[in-house]
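Below, each structure is written out as structure tokens.
Shared chain: chain A. Partners: chain B in the first complex, chain C in the second.
And then the complex of A and B:
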């Protein structure tokens, strides 16, 4: 113990090389998020693969002509790639839900429509490029970057407008009120987009012009072992784009002043306001980032499926919400984990249920099973895989 | 000084507010609007536009009677005459008006069911149409001529069993709600909203997929030839009425007596169901359960601290609301005679929610009025504007120098229903969250939460 009033120099803390490395920029913002993504994919894949093999051995489909485990082995690679790319899209939408939930503690139903607007913007961009005659010769990477950035900008701005017009006046209202506003807004957005597109483009289902361009549609073929695998090029684009954005988001939230402010607001709005954080601005920023990620997911989704319409947001929006709950709503890492898991579950189910078609369990039941995941999750672990139980403050 | 002048000077309209004068005025109003329906013939080019106004004025007559400051018995007699005498006669002349009124009654019953969940217990149910679908599918599967498993095994019912099936439908829908509610109702209200939203989507997938290996629902093809409501006994009465009124049946849109009597029977049943639900809602409102719901809605934690069993009470509201939906669904599929998975879109759930919100959550009268307004808007006003625009487009009429023939067909007003429901929800929530005719208690609650120092929660 020092005598009172005597100030001693603080001893320099000895940092091992490993700890030094763990505090380095490269580890925190590149290696760690990438490792996390890889770990989640690996973990979910292993669990699901074991599960389908077990089911295939224990409950083989009656009078099936193929031996299911063999068939699974042949298809597994494409299931995984498919699942990962869809999973990234779900993760990007789920991040929007989870970020808004983090700061405002309510579910933004209109987020599914922000995603939809992203898909429509992507269509408009590709159509305009096509009409200008430069789409076919354009470098795909450049095209996708341009399309995604435009979709991000417009969707993000729309999300901010929505927050300003519809949610901010209601921040103190009873809990039911913003929820009802959100669902109402979601219908308004759907219908406005539908009417606009039907008047300007005179059609309901909007087909991306990339469908006629070989670069975007010719599958990439290779073999793993003896099994031929074919991958749609759009899957590769989705995976690359999603990884770049997720790493950037991780840097933004954990490495910048703005990100720290967002985390502070989500912990305690009043206190962070007192400490000089501009809460309204931060909430708007959160909506912008969530909306931008949703918009990017929408454009990539449209590029992948090739056709979009004003109602495309409902099902992916619901699944992304399930993903957010699965990971633990309010938890950014959880949204990533949940999204990848739901994407993989969906892709596995789509492939696996096909073997059970003879007893009426085709892949049309996939959505029902995914919904069951939500119900079971809420029944047994409502706080999600990575979430903590938070008691309501009185 | 000011108080003196205020009490001494009576407003000029004061004599008009006496109950007798008001009643006479209301009756005169009712007679006039009834007669106004016949003023412009169907063949007139402006019939659609005129009917939009006259029929809307006609439909709100019972609501006006309901607000008269007279004894409940007299009010009841007036409303009874309007609903059971005037409306059926108008329904014979104008089947399309009867259809709108039937839809209003059916959806008002649904809105009362949803009100039990949203209004009384404060739980947001966004998939209410799913429970409605459960009832509709039950009656459909039990009576359709489609090749379902019921037909293959000869388990087919006739029209006469509709009442027991309604009770069964209420039970099955309530059971579905309990199964769905137990995991979800323990959590925050937001989860219920999204789970019911998902359930509303999933129920359609299930209805579409349950056709193999055993055909329960006939899949995407839907169920056709569903048994109608039992109306044979009404046919002679309907025929006599038509003869008495001396209507030339051939000149009407519906020229078969059995169709007329079927429509009238659906109308009577939907009125009866609506009355039953109004009675149940009113009774529950003032019961121990109703007070427990109010307590939960206002402050969940305080309610729990006072010994209100949260899960049990929430489950009761959720299941009872669903049971209302199931019972109405049976009647609905009997009326439609054809249902398929796309009869129960999310839009239906949202339109019911819009009725509850517009009228005022938590009050019986407000919710019924909300249903009248929303359905009138959806089925009558929008449709008639659309018909009128179409007519002008076909004849190339010029309005304010604009040739209607150049108007885009995409601007058909009936296509903008989702937009209108969405606008109702958002605008009401921002400007008048307690609804047009709020329940007293609900209004106090919302005003309280709007005061700045109540922001702690």
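And then the complex of A and C:
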């Protein structure tokens, strides 16, 4: 019990101009989130760039033809764009894990499959448009918006259904029980989707109609100084879509009544209920938002890769889960920064290891090193970049 | 004190509530009439908080019946009961630590639609607790214990219910503020809010209440007008600290 001793003496209320600005709509919902993302990307790329240069100078050159530091300089811009876009995708998936963890203190391992379903839906939408013969002539922005929104709607709804039928009945069960249910659900969703697609499309790997989506995948080439840079249009799409969604999510969570209630429910369910909040409804809403973000990520991921299948969720899902843990699970900003961190590390490693292919260190080693770096980071900060306490976690 | 008047708004009938194997409430019955302040006193662990929790739907009784405004609310969800006009301020402040003072107050107004009304109620809270106004952007968890208690009361004022269940509202407050809290309770009651009050500070509670119940290890052992209770020897001994 805290000691009493708070006595109200009337004091003039003063709120400084800076404080006022920091409470303004523009600062809270535009400047702050965007500035935060930009600064983090800047900082992370500087650190990673210094790191790869150092390693390049330390390691023996892979062969006499390539001087690695020069090669890095030529490719850096592509690595960054690539890393940021894949990082945003991980971030969007990671947000789903972290939001659900926030309200239920439980890891929804089936979230990887919600992402996968988004990928499949995105593919189906594209194929239907293609079969209707309108894909090639469609305005790319319109087509992507339509595809992403459909994926969001279906993935979000699926997440709500999963919560309703599989998790809610287990709300009072010991923690491991819903966790195991989630893993089981993952398998079920994978196999249901695989079977469905085998029946309807008679294919395991569902390949996008390459010719008609060329506008999304043909790299845009330009030069920075003397260095040629090539950027896939899908990367740009991913970055734009992600920023729109992240800004919208931040506004929703921190600027609306419903977002405030989600945060309240994640802090004290009983008290929220006593204030009139329908806790189950808010939990369902959280699942919908998390699922919708995952679905959008899936659709964009599929379009970027050019093919989807029922198991496409496994690796990105795992990485995004780690991104959420890395950022401090339950912390939305943490999930975003964790996703960007993993995306950038992965992209740098992909490019860097390629130079050492001839000595057996090709980019197939990327994931090994990504996970190595993550393990090291978590050894030093077990509660994640922005996490507070480590107890009562899975 | 005359016999209780007014319509019964809240009635609990032979309630038995358990926590696992612990039999916390053993057949409790009580009623609260329109416009009353009724207090529930008893030693630690007597079941006072459990009684309030059972009424507001946080826990379910195994047997028995809770009636509010003539409707059987036994087993209803707490948000449904809240929407009927009951507000329960539980023991231990229960401030949302990561929400700002302003957001905590806004949560109190969850079911209030008109923003003008919300603003009006906020102003009233700030008048009562000027300290809250200086701290509107501060996180609830960083307030001092007493400030958190003020915020908890402030948040309850935002609800403006028909019946208010208060669980130890003066806990952890400096004497000056205890007076303020009891003033607020009386003021709310004058404005028409019915109140069921649980207090460690039995003396103060019996001063503001019209009737009281004494709870002992899950059973009601006494029920009388506040005045009679305050003059009752065993009550004086047990709860008013007279040796």
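In this text, the second predicted complex is superposed on the first by the 356 of 394 C-alpha atoms of A that agree within 3 Å, B and C clash if a C-alpha of one lies under 4 Å from a C-alpha of the other, contacts with A are read in each partner's own complex, and residues count from 1 in each chain.
What we mean here is this: a residue touches a chain if its C-beta (ideal position, glycine included) is under 8 Å from a C-beta of that chain, and two chains touch if they have at least 3 such contacts.
All values reported here derive from a predicted model rather than from experimental measurement.
K.L.:
Classify the contacts of A:133 with the two partner chains as first (chain B alone), second (chain C alone), both, or neither.
P.N.:
Neither partner.
K.L.:
Of chain B and chain C, which one contacts the greater number of residues in chain A?
P.N.:
Per-residue touch count on chain A favours B.
K.L.:
Please indicate which partner A:175 is in contact with in the superposed arrangement: first for chain B, second for chain C, both, or neither.
P.N.:
first
K.L.:
For A:225, decide between first (touching chain B), second (touching chain C), both and neither.
P.N.:
In the superposed model, A:225 contacts neither chain B nor chain C.
K.L.:
Would you check which partner chain A:62 touches, where first means chain B only, second means chain C only, and both and neither mean what they say?
P.N.:
neither
K.L.:
Return first, second, both or neither, reflecting whether A:365 touches chain B, chain C, both chains, or no partner chain.
P.N.:
first
K.L.:
Please identify the positions on chain A that touch both chain B and chain C, taking each partner from its own complex.
P.N.:
none
K.L.:
What residues on chain A touch chain C, complex-wise?
P.N.:
Touching chain C: residues 1-8, 10-11, 13, 19, 23, 257, 260-261, 263-264, 267-268, 270-279 of chain A.
K.L.:
Mind pulling up the chain B residues that touch chain A in the complex?
P.N.:
Those in contact with chain A are residues 118, 122, 124, 126, 180, 182-184, 186-191, 193-195, 197-199, 201-202, 205-206, 208-209, 212-214, 301, 346-347, 350, 353, 357, 408, 410-411, 415-416, 418-419, 421-426, 429-430, 433, 445-446, 449-450, 452, 454-455.
K.L.:
Inside the complex, what are the residues of chain C that reach chain A?
P.N.:
Spelled out, the residues of chain C in touch with chain A are 56-58, 77-79, 82-83, 87-90, 94, 96-99, 103, 106-108, 110-111, 129-131, 133-134, 137, 144-148, 150, 155, 159, 171-177.
K.L.:
Give the list of chain A residues in touch with chain B in this complex.
P.N.:
106-107, 109, 166, 169-170, 172-181, 183-192, 195, 198-199, 314-315, 318, 321-322, 325, 358-360, 362, 364-365, 367-368, 371, 374-376, 378-379, 382, 392, 394
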